[in-house]
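Below: a set of structures, written as structure tokens.
Common to both upcoming complexes is chain A, partnered first by chain B, then by chain C.
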Partner chain A sequence: MLAKLRQRDYQILIAFIIVAAILAFWRPHVLISGLQRGSLYVLIALPVGIIYGILGILNLAHGEFMMLGAFFAFSLVTLTGIDPLIAMLPAFPAMFVVGIVTYRLTIKHVVRAPLNQFLLTFGLAVMLTEMANLIWTTRPRIVWVPYAASSATIGPITFGTFEFVYVAAAAIVLVGMFLFLTRTRAGLAAMAVGQNPRGAKLVGIDVERTYMMIFSACLAVLGPIGALFLIRHAIFPGVGGPFSLRAVSIVAMAGFGNLPGILVWGIGLGLAEAFVRSFRGWGGWADIIFFGMIILVVFYRSYQRRVR
Partner chain B sequence: MLVVKGVDIYYGKLQVLWDLSLQVGKESVGLFGPNGAGKTTLVNAIVGLVKPANGEITFGGRSLLPLETHRIIREGVAVVPQERELFPFMSVLGNLKSGAAYIPGARDKIDERMRFIFDIFPVLKERLGQLAVTLSGGEQRMLAIARSLMAGPKLLILDEPSSGLQPSLVSDLFRRMREIREKEGVSILIAEQNVRQCLRAIDRGYVIENGRVVIEDSAEGLAHSDHVRRSYLGL
Partner chain C sequence: MKKGILLIAVALLLASSLVAVGCPRPVLEEPPVEPIRLGAVNPLGDITGRQSAQGMKLAVAEINAAGGILGRPLELIVMDDEFSPAVGAAAIEKLATVHEVDIFIGGMASGVHLAQIPILAKHGRVTVWIGAASHLVEAAIAALPDHDWYFHLHPWDYQQVEGTVEGWAAIVEKFPQIRLDRMFVAYEEGAFGAAGFAISRALFADVTIEGESFTSAVFGGGDFRAVLRHAKEFNPDAFVWVGFDPDALGMMVQAKEIGFAPPVFLGTPPGWPVGFGEIPLSEAVWLYGMWSPELKGVSPEAAHFWWAFIEKFGEEPATYFAPLGYVNVKFVAAGIERAGTLERGPLIEALREVRFEDTAVGWPLTIAPSRLIRHQGFTRQMILQWQGGRQEVIWPFEVATAEPIFPFPRWEDR
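After this line comes the complex of A and B, so read on.
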């Protein structure tokens, strides 16, 4: 499933490296902000990819769960006055519990019903947004910490340094998930369940429990991610929506079940977006480029299939 | 060991097993019958994939009915389903290890079990690094049997082990089943349509038709029964 980069990903990776090299000379700040933004996408898309690969559920509410994590951190910060970075710690178990409750109440009942899970997770997304509206209102919230605005200057370019935590976090989550899935017994059980749930039962794996743990762990990761997001962005109930869309799109572009592809496509789309934004007055096109690329990839795939 | 007593099973309103009883002690037992007789349903009921409406299934004196499938497997029942149910994108080694990794007693004995398995299925040793999906049908069958043996089961259930295998492999397979029975002391239950070949591997057998046991006899007795000779051996 995630054993190796597919050959196609290598080609895309090489293409990206060439593009990155050109950008490095032409518009170096695009390279940096693209990498930072892309890492955030990777962070949010990776759990979506894992949930899809193992439970076969495409979670359309993932961005909304991140929003929930961010608001949890926000409430903690405003109520207790702790640093948002410390709020990452309780956010993890809190979102884990949210994951278990969500799984038990809803996901569990649609694991083998493809259309229903779409409707369910879409409904969850709407419900979470509306719930956040009631609790925290639509007013954008920010927390201000001095290090969030830190920046560095190298030669002619100046860039924010805090956003590099997204790059670091993406690396940690990617490596962590990879090690978990390939080195631990629970991870291997998850891989087995993803490939053949019935076969997994027959070797003594508790499939139901594996589903719950994987789903909850993937939501738990969103707690700290939400706290990190909060440090640099204003949050409001609708803030997760675009991330849900992007995460699902990146997973689709990588090809379902292809985790390294998520890394490549997430960073690639971050770069493309940053590139468009770097032209003054054209920033609004960024989303159109993003989803335009997805349509192109899907066309290209079906074209390839027909040629073969 | 395994006792199935008065089991009724329904799929919706359709009753597929009728007051079915059988026993497997320290022996090899065959389960014969045409398509749709209820062999696979019975196998699925033993490992908890379907739950009977009435009756009792016990293993070593303990009821299996309240247990979920993975718990039944951990009790020492191993099953090789007709569809093999391997993990296609794991290596042969990964599949073998998965057979022991989730069984509390078998976890520490992986190396020992592997030696035993390579003794019976040497071809798997050559294929260790290959993905399961790249194996031939016969090799996949061997891998499925090997994977279930990794758990060190007390009872091994095989559902149609000969299906999809070329005839020369079938007799080979049943010879190996005898070998496993003798070396391991494991009880074996084989649900099979290939009665002629299977009779060589078993001590006793049942014939089920339309969800009911119609004959119960020794392998010798079955081979000489008129009904079996006419309906299953084509004599």
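After this line comes the complex of A and C, so read on.
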């Protein structure tokens, strides 16, 4: 999988490092908030990349599953009084179970049917949103922990420090996924299934089970991610939708299945957004830049394929 | 054979006469009383619409328990508009033709109501609406050849801002330490925020106002740090954010982390997240509202509504649409009582004359013309402040529940 860090990604990575160095001197708060926000995007997009890379499914309900993880953590926090960071632990197995149930009831039947996958996962997104609406209503829910607003001051710059957790979490998830896929038997089997499911079946790998485990594991990761998200954000039934769109867009930009590319492009988009917003009156352009960059990259890829 | 039949007939006659002797005298059944039907359309999936419907049900239950109106019970039929103009318009049509309601009530979103207006106009039945604050709705109603049948209780958007301008002028006069010379408005980039900013600029004409848009958390935004930094650089007397409920936590947390604490910190979302008042960052945040739970301390009607609502539904009213729904039915009932009939002409006349010195939303209610329509109810909103987890009323002073906290306390003092 490391080989997937293509030469182009290295070039982009170097370009980002140069940009980051410039920003560190010119607009340091852009560097900080861009890195933090971009890491959140990476964190949410990584499981989308894995699911697509191995199962070939673009999960349009991804953000909604994160919302579910966040509500699970919220319920634990309010019912038991535990810290949201501790709620990350039970959120993982809980979402793993959600993953197994979802896979067996729905995803299993559309693994090789691309159009049906879109319709199914879109339907799941709507269903999860409405279900959350019935259970928790549309009123936003919040939890308060003092460390959510922690800050530090370096010279003239005062900035929030909690969101560096997103940076660390993105790194942990990325490295964890690499180690799982390259160092464990189950991960290697998953890689084999992702590359050639028929061949994998011939050598005795239980393809169906591998699909289920990968899908469930990726949803399980969304449990702790939801808990982390909850610490800084209000949650409500529709909170996940925009993140589904962003996650799928980042995965499309990185190239489907390219995990390091997700890291590079996720942080790159976070930095681009923060940079645009740092100019007063230009904040409204941030989304245009975000999705404009995606369109450009997709066009460029298409052009490259034609040239080849 | 004939003898046998005769014996059975005699036995039956005897038996029936015995039953008749042992039973009370048969009473002539009165024809069933036809209820007065109120048709409401609310977004029931949202707490505003749900609690508004609950407020209506509470009022109907109280009125029916007291004998109904004109000797007839009220019947409430509530339909869901799902925040969809098409669904909302169809709901009006169904209420008119299938349920044959006498009066239309309820309402929430302006976009939905704009689609309902032609259907309402077609049926021409008396309508008392409590939602749809947009001036575009007012213009659409005023454009009808006849709109005497239409009563609007919620203040129009421009009336809300006019009210706050009046309120701030009064506050600044009473508390001279509060200044409003420089204002920074952070507004969500959609129609709601942009309109709020434009109206603020027009009405606070003698205040230096700067503004910048942001992407609301509702639409996947929620990173307000750049806007807050710009506001901090502007060094305003008042910072106002015009956004949605989910933006509240992010706005406060991110303001704290960059050390931005202007003398007045004001938020104008349609509602607040559950538990917002309990977090220390909410202390001394100003807000606007049609109602506050704290009004139960100064308004007997608001207090009655508060406790009756909790008793009936086992939950607290969390949105001003709960008492507004209650007032909606009470207002209609008072009009029918006064008119003594459901005939359109006298009923409109009577509704025009209804006066409430106190209501469940804590305000008096009278009907007067607005800029474009003849029958407008409430015209102002209150200026409130989060204090100790409660939304205290600062203005109007006649229903004030607390003195303002000024300036906004430093973050490190919380």
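As a convention for this text, the second predicted complex is superposed on the first by the 303 of 308 C-alpha atoms of A that agree within 3 Å, B and C clash if a C-alpha of one lies under 4 Å from a C-alpha of the other, contacts with A are read in each partner's own complex, and residues count from 1 in each chain.
Note that a residue touches a chain if its C-beta (ideal position, glycine included) is under 8 Å from a C-beta of that chain, and two chains touch if they have at least 3 such contacts.
Quick caveat, the model's predicted, so the values are computed rather than measured.
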Touch count on chain A, higher of chain B and chain C: C
Touched partner set for A:Gly281, first chain B, second chain C, both or neither: second
Touching partner for A:Gly160 - first (chain B), second (chain C), both, neither: second
Touched partner set for A:Val239, first chain B, second chain C, both or neither: second
Touched partner set for A:Pro114, first chain B, second chain C, both or neither: neither
First, second, both or neither for A:Ser150, with chain B first and chain C second: second
Chain B versus chain C as contact partner of A:Arg139, first or second or both or neither: second
First, second, both or neither for A:Arg185, with chain B first and chain C second: first
Parts of chain A lying in touch with chain B, wherever the complex brings them together: 1, 3, 185, 188-189, 191-192, 195-196, 198-208
Touching residues (chain side chain B, partner chain A) in the complex: 47, 49, 68-70, 73-74, 78-79, 81, 85-90, 94, 97-99, 101-103, 147-148, 151
Touching residues (chain side chain A, partner chain C) in the complex: 29, 33, 37, 130, 133, 137-144, 148-151, 153, 158-162, 232-236, 238-239, 241-243, 245-246, 273-274, 277-278, 280-281, 283-284, 286-287
List of chain C residues in touch with chain A within their complex: 45-47, 50, 189, 212-215, 217-220, 222-223, 225-227, 229-230, 245-250, 252-254, 256-259, 271, 273-276, 278-281, 318, 411
